[in-house]
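In structure tokens below, several structures.
Shared between the two complexes below is subunit A, which pairs with subunit B and subunit C, respectively.
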Partner chain A sequence: MRFRGKLVDVACLNHFTRVVNTITKLAKTCTLRFTVDKIYFILNDKVANGGVSMWCELNQENFFDEFQMEGVAAEDNEIYLELTSENFSRALKTAQNAKAVKVKLTNKQCPCLTVAVELPSLSSSSRIVTHDIPVGIIPRKLWNDFREPSVPDFDVSIYLPVMKTMKSVVDRMKNLSNSIVIEANQKGEMNLKIETDLVSVATHFKDLGNPPWVPEHASQNSTEKRHPETMAEARIDIKRLLQLLAGQQVNPAKALCNILNKRIVHFILLHEDFSLQYFIPALT
Partner chain B sequence: MKCIVTGGNVKALGKAIHSLARVGDEIYVEPLQEGLSMRTVSASRSAYASFLFAPLFFQNYQPTESGYDPDSEAFRCKVHMKSFLAVFRSLPSLEKTVEKCLLSLNPHASRFRVQLHCKYGVVKTHDLPFQECESLQADFDTSQCAHALRAPPRLLADAVVHFPLALAEVTLVASPAGKVSLRSYLEGDTEVTRTMVTELGLNEDEFQTFHIKQEAQITFCLKEFRGLLSFAESSNLSLNIYFDTPGRPAIFTLDDAVLQVHLVLATLEEPESCSSQMTSCTPKPLAPAYDFTGDDIDDYMIAMETTCGGPAGTEPLPSPTFPMGPTSSEAQEPDSDHEGTVPGTPPQKRVRIKGLPQTNYRHEVKNVALPICCFVVLLGTCKMI
Partner chain C sequence: AGIFQEFMVQEESVMFRINLSVLLDCLTIFGTSSSPGTQTALRMCYRGYGYPLTLFLEEGGVVTVCKINTQEPEEILDFDFCSTNVVNKIILLSEGLREAFSELDMTSEVLQITMSPNKPYFRLSTFGNAGSAYLDYPKDSDLIEAFHCNQTQTNRYKIALLKPSIKALALSCKVSIRTDNRGFLSLQYMIRNEDGQICFVEYYCCPDEDITEQEI
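What follows is the complex of A and B.
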């Protein structure tokens, strides 16, 4: 099992750092999966995390100048690692003005993902900082736990308003309630509501637009049957939502959310070279 | 004692207090003929810092009261660090608003007065309670240290910034070949599989002085060092580092025409076996420099099979998910209270002061060996306002 990647371009490095920082905000530990052409950050649904799951996928060639990997076996040419995401973002933080950054799998005291940063220095030779991030190697028999979550048969799919705006709204609501109701319909309307014994607050968004989904899912039939003005709603943990809104540093080109009535809210942040999916289950 | 600090020196004084506050809980103020001395020592006696501001630092400096017997010893006192720090809490506002700072110590009035003369005629007066005390002096000698380094503050500040703030200690390894490296020090009980290890290499030519006789390695606390570095950076003074074998104190100094700063830090005493245990944690201390340039794929190959149960899983290597080597059992061994260290036990967490009878600071200090310092600290009668 071998892996080695090299980032040289500053823009790529910064972008990659922002992705890892976003992951760190969403998941304390995550699973890092390498395939020949992609890198995945995965958080799978665990009750201890409040049932939240995350799936983030990037095309390695848009980030890495060099990328070599050899999986466990020829037929399973993949690597699954478990790591503390904060360590990774901390290591990349020190690479702000690096000339080059290498990420590689090493075997020190324990298996490590080594981030070697080449920094400019005043002397002739450059300064090297290495960070050894301990990782756990996930055995093949557990790989099934980290399958891409299937897109639920959602009732409503809608584009999100500007995330910054949404964040400042939810940020204020957080002080009033622990849970928030997200409701939306197929006419581009979305409401964020909190309801407590003392106060009810609702923020209404309109003309958001609904993404056209290719009718590959059976869900499409159900959405077509739905009246476009009927709201689908889910009550979710406000902290989880805020984690996503406040934690994301990637400024996605497109952000959308799918709501499965009273079941789950599925967020998708899309960028040209990367996508992030985040699932927050509805509270009962 | 009466002195007046003006202009940019007010900020320097404030910075000095901030960096002293990283070390101890009390600040010992002593007006001497050669300048105003401010010193502190950590509760565990593992760190000592001293700032000596020469008379020229001040616009006006009177170490003794006029009409006071010049032969008698100067009056000295100690003040709570917290109350002193509160006066200089906000450095930006200090820089912006304070034009003049007046320090006066009047033994008869039983108060240590700090007056800040700000813009628009605002005068802030702080009367700090103090205790009379004996002189605090650590016993150290830079000339007895085998190794010396001198570096611009920027270099070291840029180096420590790569280490996480939560990291307590760092190991400095210097070799006569011209390499200096800083590496995070993991305590015996930290989980190797959870903690990130950071290492940074510096070259001889980045230092202003490089006297390393043989391969040397010391481990010291980062907190106090960071405090001194931030002072050195703001006043742009090069930092001298004098050190010797592990367990002997490391001395950090800054020199200026109007200022002398010393920071003495305990370094971790490592029994032979422990140092070998430590090097085994990171087998090649200076490896990364070569690692980085070496692109051979074998360099980063990880020889581990993760399939369980399959025929390929017969490799005799330990399970990768629990890769703790035999050292783990040693690391978990309870601390030994015996004087003689058994090879293989983690570094003694107990602190001894040479020259003082078996003082045990066990509960006050974490993982520090003691500098060979003899502190003469006798408390005088308590004198409070």
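What follows is the complex of A and C.
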């Protein structure tokens, strides 16, 4: 099992740092998965984190200058690691104006992801900062726990409004309530609502647009039968939603949200070379 | 009512109680610092006893409707502060008082205010852990816009009670300080809003205790 990668380009490095920072905001610990052409950050739905799960994937060639990996075995050419995400973002903090950053899998006292940052230096000798991030190697028999979450047939799929507006609205609502109802329809309308003994607040967004999803199982699909104006809704933990809105640093080209009525809300942030999916289950 | 473009009340007066922090959260639902070019519009309605206070806010085509439940109003403490009973009155530019308040010894339990037609005219004193301090304003100071003192009055006011008024002081441009024959203090802050309209915030405080002549 071997992994070594090198980031040289400043823009790529910054982008990668922002992705890792976003992950840190969403998940304390996460699973890092390497394949030949992709890197994944995975959080699966354990009850301990409120049933929230995350799936983030990026094309390594859009970030890394060099990328060599050798998986557990030829037929399973992959690596699964578990790490504390904050350690990773902290290691990259020193890399802000680095000349190059090397990331590799090492075995020191324990398995480590070693981040070696080469900083610019005035003299001929180079300055290198090395972070060893302890990781746990996830054995092959557990890999099944980290499969890409299946996307059920959602009742409604809608583009999100400007993230900044949505963030400030949800941020205020958080002061007033613990849970939020998010509802949307196929006519580009979305509402965010809270209700408590003291106050009820509803914010209405319109003309958001609905992505042209091709339903995977068209026969049993409910979207077609639904009236476009019928709202699908879910009550979710407001803190989880704010975590996503306030934590994301990637400014996605496209952001959308799928709602499975009273079951789950599924957020997707899309960039050319990167996608993040975030699942928040509905509260009962 | 001048700060509203439209203002309509059908009854003589309506009174109800609402949670202030909820109101503030609702008013700033689109964020506190509106980016240039975008303005939040507000419509506020109340149908009558038992109905919620409804706010409609709009920014960039996004509409928020807030219904704040109203509560029974509490009896307002009437200070019975009447302008005919005013003994001393000083109007000064807020910056003068802001500076003084920011330097007040907060370990002191009370702020003692002396207003007098004679020297020291206007004195603020504190009695803290590290000792006593006082600050005098000369009568002809540039900061003082009007000075009408008829009688020497020295009263103590709890600093904890005065503290909340510092927020209004920070926003104000002028302040009128008045005391009546019972030693009650009235602070009137004149606040100019972004459109140049003038609002007043009034603040009343009763004196802490009677102090004997010897202590002064």
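Heads up, the rule we're going with is that the second predicted complex is superposed on the first by the 279 of 284 C-alpha atoms of A that agree within 3 Å, B and C clash if a C-alpha of one lies under 4 Å from a C-alpha of the other, contacts with A are read in each partner's own complex, and residues count from 1 in each chain.
Here is the rule we use: a residue touches a chain if its C-beta (ideal position, glycine included) is under 8 Å from a C-beta of that chain, and two chains touch if they have at least 3 such contacts.
Not measured: the values here are computed from a predicted model.
A.B. asks: Touch test for A:Glu229: subunit B only (first), subunit C only (second), both, or neither?
C.D. replies: Once the two structures are laid over each other on A, A:Glu229 reaches no partner at all.
A.B. asks: Taking the superposition on A as described, I'd like to know which of subunit B and subunit C A:Lys141 touches: first, second, both or neither.
C.D. replies: first
A.B. asks: Quick one: is A:Pro111 in contact with subunit B, with subunit C, with both, or with neither? Answer first, second, both or neither.
C.D. replies: first
A.B. asks: Which touches a greater number of subunit A residues, subunit B or subunit C?
C.D. replies: Result: the larger residue contact count on subunit A belongs to B.
A.B. asks: Applying the document's definition of touch, where does A:Leu198 land relative to subunit B and subunit C: first, second, both, or neither?
C.D. replies: second
A.B. asks: Mind pulling up the subunit A residues that touch subunit B in the complex?
C.D. replies: Subunit A residues touching subunit B: 1-4, 68, 72-73, 80, 84, 87, 90-91, 94, 102, 104-112, 114, 116, 118, 121-125, 127-134, 136-141.
A.B. asks: Enumerate the contact residues on subunit A facing subunit C in the complex.
C.D. replies: Those residues of subunit A that touch subunit C are 161, 164-165, 168-169, 172-173, 175-176, 197-207.
A.B. asks: Touching subunit A in the complex: which residues of subunit B?
C.D. replies: 155, 161-162, 164, 192-203, 205-206, 280-283, 288-289, 291-292, 297, 300-310, 312, 320-321, 323-325
A.B. asks: Within the complex, which stretch of subunit C touches subunit A?
C.D. replies: 19, 21-22, 25-26, 28-31, 52, 59-69
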